[in-house]
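Presented below are the structures under discussion, each in the form of structure tokens.
Consider the two complexes below, in which chain A is the common component and chain B and chain C are the respective partners.
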Partner chain A sequence: MRNVSFVRSEMLAEQTPPLTSIGVIGWARENLFNGWFNSILTVISLYIVYSFLSFLIPWVLTPTWKATSLNECREINTALTGHHSGACWGVITERWPQFIFGFYDRSILWRPILVFVLFLATIAPILFERVPRKLFLLGPVFPFLAVWLLWGGSIWSPVFSFLGLVLGYLVWRSLKERVNAVILLLSSIGVPIIWWMFLTEPASGLLAEIIPYEIQILPSRDFGGLLLSLTIGLTAIFCSLPIGIFLALGRQSDLLIVKVLCVWFIEFIRGVPLITLLFVASTLLNIFMPPGTNFDIIMRVVIMVTLFSSAYMAEVVRGGLAGLDSGQYEAANALGFSYWKAQRLIIMPQALKISIPGIVSNFIGVLKDTTLVSVIGLFDPIGLTTVVLADMRWNGVYWELNVFVALCFFVFCFSMSRYSMYLERKLRKEN
Partner chain B sequence: MAQHQDFKKPTFELSMLLYDTRYRSTSFQVIALILFFSLIWWLVNNTMSNLAITGKDIDFSFLVHESNYDINQRLLEYDSRSSHGRAAVLGVLNTLVLSAIGCVTATILGVFVGIARLSKNWIVARIMTVHIEIFRNVPLLLWILLIMSMVAHSFPVPKHFRGADPIATMKLFDSVALTNRGFYIPEPLFSNGFGDMGFFSNSFYISIDLIVILAILIGSIWASGKIKARAKRIQEETGIRPTTWYLRLGVIFIPTILLLVYLGFYLGYPELKGFNFKGGIHLRNSLIALWIALSLYTSAFIAEIVRSGILAVSKGQTEAAGALGIKPNVIMALVILPQALKVIVPPLISNYLNLTKNSSLAIAVGYMDLTGTLMGITLNQTGRELETLLLGMSIYLTISLLISAVINWYNRRNDMVER
Partner chain C sequence: MKKSLFIGALLALGMAATTSGASTLEEVKARGTLNCGTSTGVAGFSLPDANNVYQGFDVAICRGIAAAVLGDPMAVEFVPTTGKTRFTALSSGEVDVLSRTTTWTFSRDVDLKMDFHGVNYYDGQGFMVPRSLGVTSAKDLDGATVCIQVGTTTELNLADFFRVNGITYEPVPTEKSSESRSLYQAEACDVYTTDASGLASARSTFADPSAHVILPEIVSKEPLGPVTRHGDNQWGDIVRWTLNALISAEELGITQANVAEMAAAPTNNPEINRMLGTEGNLGPMLGLDKDWAHRVIAAEGNYGEIFEKYLGVNTQIGLERGLNAQWTDGGLLYSPPFR
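== the complex of A and B ==
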């Protein structure tokens, strides 16, 4: 008898999956039309997107880039479509340098551009690993160079200010092995401060008389546009991170008085709107200084924005510190690390890594908040909008200007948030 | 053999202040305190000498002087002969009104966007992502100005409502007029009301009707809570939950409705008289623009909070509840939401705080909040920067600290529940 097997001995040929579950149709069925509720949502969403785009695209795509006044724009749009509801981009063609550089002297625009390029070169090694490490050397030089290039003046004052930094470093290196930590710290901070307070000005003045070399001086009121926003925003961002870290450490500290002072500072700054602090900067800060002091408005604003964002930064870093496993602190203690060494080598690298999203969203917040300076009369991009609207030819082009300014800020803020996501991914992989 | 060594009892030396851990922290703190007080002394000293040079003094008497300016959006009686102090109070009220309505709409919108962003529907999730990115990455001030110009330019002028065949018509059964000067909505009026009650030698009036209605409403909600507690107790004892929803609805609404009927409640509709609308509540377009802008901007942040809160509840919770045979919508209400809320609420309240502080941007569109009155026109008219800014900042600080206290209270309460 033949052996009748119920088990198939050869495989069936593979069949292609049904058309409705692969490709575009399959994707659409799974993501857009699974169930009646989702189908309705999809149809409504498509309608919203369609009506939005059908309004937006004709408005954006108008050939008005060469118009020289609002009326001319309207003529172009009317000739094209029969009604004058398109955008008027002529104002952007005409005014975009102003929105970027403000009233900065047009003949020396290479200076802010060079500063921006140098800035990118300075932060490149921090942002990306592949960039040559030698660019780190640009870091200490950049602030002095940038201030000199932006505001102009004699070359000797930035040179001598920078020498203060070099002096501090030399003192630190020569005393490192010989004296204890406290004296080392005090002397390597104290010597440059004495240098800056008493010697920089006479020395640079003297040299300026012997070898005069100076570039055109630009007053702060000429600063405007994105240049102003970025100057204030980036300075505040880079100063607020270290201050914020120290405030967070102070708030977590066992020293009662230090802790109370830090908590008061943080709660006070976080409790008032930035705009009131800017009012303080514009009207009141000079009253707090010794009589006769009258320092620059941009500097006053930078101080206030820095204080503001450092309080928020402190809270973000405190969140990171709290999120850290307490075993890390105990392990550092068990290994006999001193407080600062433990912070530097064990606690901070991990705490800062946890708080990257918070830190970056704080950076974004600072950059956005710089627009508030328009309320106290500085010409940041929003302040410039009123200047342009005061021009008879462009009276009434709110949308185009606001959309342009919004795009500028969006580019910076969005790229920052994307970079933070990239950083998070990269750091997660390394673990 | 044990070696003995005579230890001298350590005597106090000056260097121990620095090297001995027993004294070091104290000496550091004393140094910090001395530095702090010398900073304060330096600032006060500078301020005093600067004030002496300009011939000013610190004087709050301007608060009772005539203000000579008008506040267009107001909750209390006010005219240009009222005092600066009263203007400041109106400013605070305007700040609080704007923040309150902004928080409500921002929460509703934010929760909707946050949940919709988690939707399995690809296009809905994408739209919500775009919404969040657009509003988070563009400065709030820009949104306020944009929406202000939209509100001011895209609604009809009041005269378009006139005539037999008007260009524009009132919306919602002729009760709401949307004009370029703002929105006119019906106002609640009482034909048989109790009148007003004066406070502080009749400088402030509060409607007694409002107080009575609020009291009755709070009482009804309390009674409804009692009914719920009783239902829960019965459920614990017998395992059967009595149906109480109609009872609770009745307890909440019937007393209030009866009271409204007794007071002769009716709506006062806005009417076009002359060149403008009269009657009803006039919401100026600065208020409308700020409301919309603050709600949209804050909703993007709230949406992210809601999303991360829901994602923070591990998937095992849903699956475990499903394995116990609980229905999906009950899982959401009794398992997911209570856990997500614990993550959501603290940052949510701190976003309310941000919204309140951001409402100070009202000065950019001329809405008279605290920044616009006390720290704006009053400052410019009286030239008293120190006093006005000090007062204004302390008011904002008080509001913020109250809200922080709420967050702390919530966190403490939830920490205790956690096991």
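== the complex of A and C ==
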């Protein structure tokens, strides 16, 4: 039998793909009009998007940036379109400094701005590898500098508070080789605390009299807007991670008292709404403390928000710890690592990596939760909208204010979320 | 057992500290500023303007007190309080005086241990409905949904009114008055209720004021006034007589413009002389100096001037004096004599 199968001996010339499957048309056919059902869905969706945008865009694009009252906005919009349903952006022009800085003295706005720039410089080396490592040196100094710049006062109190930190470090270095771990830990934490409680104030007071140098003091009541939210939110974020890690470790500890305390703390805080804690901070604490004691309201709120978010953080980190293969713990033991060394070098790096999405969404949650402080009479951006609405010229401008506040928060929350995705990509194991 | 001991100890500590504290007057003088509890923003009564300076009718009372005690009407630290936190802020000592559209009621005065020092604004609760609803009386509101701010007397009056008239309503509770207002505008409720002063000012800001009617019924008495803690009578006297000085000044024709002239030398009217310190020694009886009332009136003018500046018919809020006119003009303002 003869084999008649055909074997082509030369290649056909390449042809361009048909017009209907490339370019815009091809993409649309593939993704939008793939079958009659999808085609209908596409048309409906397009109609919805169109009707939404045709309402939104004329609403947003109104020439009202210079208006000085809602009525003026209405006149401008009516003259333009025949009806007054346009945004009134004049209120943002007039009030945006209040939404960003609250009631902070306008002549010294450089101080919060400088703090923010320094903050970015401080966290840059933590966030990105390419940033010069020397910026790490800013880390220990920044908190003291920030408090001084934001609240003002004599330069000597932050200097002496910082010296407490230095003292702790010196104690730790000199005792490191000589005593056991517990005494080392207690003394290197205890000495600075004693310093802060008993010596910082007299010493800085004395020096302030000899070499007086102080900048204008700003009371906490003057904080407001985004400045307030960021002060509370970022402090809580940066304190809650370490506290949360220790709570998570404590919860898994074999030491009964440590374990019970950690479990109680976490379960108590998680069982109580944040608003309750804020009310405790604003009202109950005041009743318990003798009148005249000036326990700063922002400080109280920061402590409460930090405690709240560290309890949640602890559970997120515990999830990471639980997700780790038990072989990792056993390997660390087999290598003869001490508990802390194993945590530092083997367990935590892996556990934290697993928990990144949880940690970051917790961070974002904390930042957004700071808007709850408006219920205790602090002027966060949401609280400020009430203030603006009480101004008769702007009474009735709701959407514009809320859109503006939403945008402010979006900038911060969205960048946090993008960063966490970047970090996850970078740390993904290649296997 | 241990826990209750601990709480008991804390309470005892708190009480001991409260009773052994210095008088409010001394504290304020030592501090150099008056801590004044105000609202987080009520049109015409208290709000910070774009330059961060507090303005308003309630704010003016605090400025008057600061002028009397400290000599500087601007030496006031305003502490914004919400409907829920206001009384704790006062009883915990966070603020020295509360001037925050607070209604004088029996239980607040007696049970909450507050002292009310007269009335700076007589208000009453009313209802606003869309004209399209076709309602002409609050008694026709059976089954209506009502936007209401929680933690206020407004909420309780509403319940009383509907119960007395045997009709039902569905509350839509909100935290702030601005929230109620925006809900009402978004037609999430049929009725917006608050004090009549608030209704008038809210309506004036609507895009189409004529589409809304304020019903004729005023369902409550809302005497608003400055409040202090029970127990410090000297401080209470200062607050009370600062308010009385503002009211009397209007009655006696003392204004911001002519007060300096009247206080410079004794006039023909002995009451003016006693008040402004050119005769007698009323100021020292209060623990202040002779010029205290002069400074109070110089700060923002007399009661009438303050009213016209923040609430009156020439402002956008546009309120008539009504009940808040002097007794000589058919209103309720009646200050005890300075004697």
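Following the convention adopted for this analysis, the second predicted complex is superposed on the first by the 413 of 431 C-alpha atoms of A that agree within 3 Å, B and C clash if a C-alpha of one lies under 4 Å from a C-alpha of the other, contacts with A are read in each partner's own complex, and residues count from 1 in each chain.
Please note the rule applied: a residue touches a chain if its C-beta (ideal position, glycine included) is under 8 Å from a C-beta of that chain, and two chains touch if they have at least 3 such contacts.
Note that the structure is a prediction, hence the values are computed from the model and not measured.
Superposition of the two structures on chain A shows chain C clashing with chain B. In the superposed pair of complexes, A:M289 makes contact with chain B and with chain C alike. Once chain A of one complex is fitted onto chain A of the other, the partner contacts of A:Y398 extend to both chain B and chain C. Of the two partner chains placed by the overlay, chain B and chain C both lie in contact with A:V375. In the superposed model, A:K353 lies in contact with neither chain B nor chain C. Between chain B and chain C, more residues of chain A are touched by B. In the overlay built on the shared chain, the residue A:F414 is in contact with chain B alone; chain C does not reach it.
In the superposed pair of complexes, A:L32 makes contact with chain B only, with no contact to chain C.
When the shared chain is aligned, chain B comes close enough to touch A:V49, but chain C does not. The intersection of chain A residues touching chain B with those touching chain C, taken from the two complexes, comprises 279, 283-284, 286-291, 374-375, 385, 398.
Chain contact summary for the complex, chain C toward chain A: residues 10-11, 13-14, 17-18, 21-22, 27, 40-44, 46-52, 77-82, 84-85, 88-89, 91-94, 175-176, 178, 181-182, 185, 201-202, 204-207, 315-317.
Partner chain C is touched in their complex by these residues of chain A: 70, 74, 84, 94-95, 98, 103, 106, 219, 221-222, 279, 282-284, 286-292, 374-379, 383, 385-393, 395-396, 398. Considering their complex, residues 31-32, 34, 38, 41-42, 45-46, 48-49, 182, 254-258, 261, 267-268, 270-276, 279-280, 283-284, 286-291, 364, 368-369, 371-372, 374-375, 382, 385, 398-399, 402, 405-406, 409-410, 413-414, 417 of chain A touch chain B. For chain B in complex with chain A, the touching residues are 18, 25, 28-29, 32-33, 36, 43, 46-47, 49-51, 53, 119-124, 127, 133-134, 136-142, 145-146, 149, 153, 357-358, 360-361, 363-364, 371, 375, 379, 385-386, 389, 392-393, 396-397, 399-401, 404.
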